[in-house]
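Listed after this line are the structures, all set down as structure tokens.
What follows is a pair of complexes built around chain A, which joins chain B in one and chain C in the other.
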Partner chain A sequence: MGTKLSVSLEGASTPETAPRVDRPPTFDPQYGFERPRKVREMKATWEEMEQWKLKPAQRDYCAHHLISLMKCQTQNAPFAGHACDGERGAWDKCEYDDHIMRIKEFERERRLLQRQARKEATA
Partner chain B sequence: MPADRSIWQESCPVSFSALKKWIFLPNSTKIKEKRSSFPVRGPLTFDGWYPRDHKPSAPPTNEEERRAAAVKYGLRPEDYQSMDKDDVIKFAGDYPDLGVITYDHKDPYEAWTDRQNRRNWGELVPIDMMRYRGDRLTFTGLEAEDYTTWNSIVMCLRVLVPMALLAWYFTNEHPNALRWKNPAMPKQYSYDFYRAYPFDDPRKYPIVNYSFDLE
Partner chain C sequence: MLGNKFVAQLALQHLRNRGLVNSPSRLTFVRNRFAWGSDAVGPNVPVGGKMGASENPELHTYDGDYRGTISKGDKPIPDYFYRTPTTGRTYIDRCVTYFISAVIWAWFSYHMYYHSGHLLGHWYMPYLSEFTDEELGIPKDSAEDPEYWGNHKKEYGTYR
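Take a look at the complex of A and B:
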């Protein structure tokens, strides 16, 4: 079955090992890694986001790409659809990588919950 | 006054004494028997025609009057049946009661002169013909009237009850209920916008997030 259906059925049948998708991960972010994880850097500054009037949902770690895209659109209007395809592609790829990372976090949380359940069962 | 008196006299074959009985004039009226001085009403060339012949008369009281009424309306004496005097809607003197003959009762393949109403010219008109027109009310009893109030209620419930059950099942708010779940953690931001909502500054609540790259 697909991942979405499997995850839905798992969440209904074994809710104790189903990650909650409405809150951050519950385990230590460094747990299980041989070296520390890199801290995500916010490339766009608060002043830049205020200058371009980004919405709160747009102030993520891809905001600098969005600012470049908006700047390019402002300069090349009304031909920004073609002139700014590079910036739009960069922003889309950044959002896509962010989504892949969120899926990885989900899978990490799920496996750690199952591991915790196995440990409690054996102990 | 017509110029040619001979033609005028020939077109009036009935005597005045007979006409006096048919014309609705007061009895005090005195009509002279001169042929050329009185213009006669109606098309007298149509033998036997007069408006009163098309009016119903008093209901028959004996067998002779019943037979006379049957002859008057072109029916057989055994087919003739007058209306019930207590029927205030249909009672019309000696007019016959033909019963209920609706549009569907008649042959659809007959060569009717009036195909819209399935009747021929000169047929006797039923007293309630307008009620049983083909586009208004017609029946043969073959299509059963099986409507009941409870049947309609059950028919509605057959739609509404499954709707209610499915809605209850799929809108279950229990967090462990089966639902279509996206396998992704919530989006990461460098500031806690929820905590700062609605009037606080999100820069006061920075969040440290980690990527999957190792140092």
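Take a look at the complex of A and C:
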């Protein structure tokens, strides 16, 4: 809640150092790390997502977990709430890790922009 | 003088001629056999709902009208209330209430024990300031600058 507000307020008050949330990162993603960053791979195929009629917001890197959950729900109805605890937990954890990764990217972008502004001000 | 049985069979013959009744053995919307005599007499006991004339005190009555379970301590519900509230709940009402409450509390307790994360959150959600510069790959100010691909300083609409 507070982070969403601060992101909007910083975007309005200081747009020079606010990361754009609707486009790719503006700095070299590999800079600043000793080891090259791992390329993220999509586990669910397009045919599987089409077969299970996933919404656009559900076609992320956790789609294979969601497909397993929907399959389990279909097979164990109407006791899916109890039978599919594992799949639901796995999907939630994957979404949480994805969220952490995305907010880290946002914070990296934000700090690099502030660093750039700081260096320009001192130079 | 024709009897009722003969008149009924004659009527059935007329219906069969007009095609309304195809066959005596087939199930149709028209009754094949007309009730008369002793067959038309129904049960003379209350079997639920009402039977008989409305003035008949023996037949025009309800079967099993529930006025509370006296053995469980209920006051009998009178026939009418005159400017007074009702006399509380019955034993059946209390049992139904108990059952519904038990189901709801069982559902709530189970879900709060096993699925409390849906309400309270499963894992820690950090503030952005908690991440370190090394973790995010932020170099020191003395280091060289990373490659910049953005358009923050440009006017909106002048770039792709």
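One rule holds for everything that comes next: the second predicted complex is superposed on the first by the 110 of 123 C-alpha atoms of A that agree within 3 Å, B and C clash if a C-alpha of one lies under 4 Å from a C-alpha of the other, contacts with A are read in each partner's own complex, and residues count from 1 in each chain.
Definition applied: a residue touches a chain if its C-beta (ideal position, glycine included) is under 8 Å from a C-beta of that chain, and two chains touch if they have at least 3 such contacts.
Keep in mind the model is a prediction, meaning the values are calculated, not measured.
When the two structures are aligned on the shared chain, A:15 is found in touch with chain B and with chain C.
When the two complexes are overlaid on their common chain A, residue A:103 makes contact with chain B and with chain C alike. When the two complexes are overlaid on their common chain A, residue A:3 makes contact with chain B and with chain C alike. Comparing chain B with chain C, more residues of chain A are touched by B. Once the two complexes are laid over each other on the shared chain, residue contacts for A:60 go to chain B alone; chain C is not touched.
Residue contacts after overlaying the shared chain place A:33 against chain B and chain C alike. Common to the chain B and chain C contact sets on chain A are residues 3, 15, 20, 25, 33, 103-104, 106-107.
Chain A makes touch with chain B in their complex at residues 3-4, 7-9, 11-12, 15, 18-25, 29-30, 33-40, 42, 46, 56-57, 59-61, 98-99, 101-107, 109.
Put simply, chain B touches chain A in their complex at residues 175-191, 193, 202-203, 208-215. Residues 114-115, 117, 122-123, 126-128, 131, 133, 135-139, 141, 145-153 of chain C are the ones touching chain A in the complex.
Chain A contributes residues 3, 15-17, 20, 25-28, 31-33, 85, 89, 92-93, 96, 100, 103-104, 106-108, 110-113, 115-116, 118-119 to its touches with chain C in the complex.
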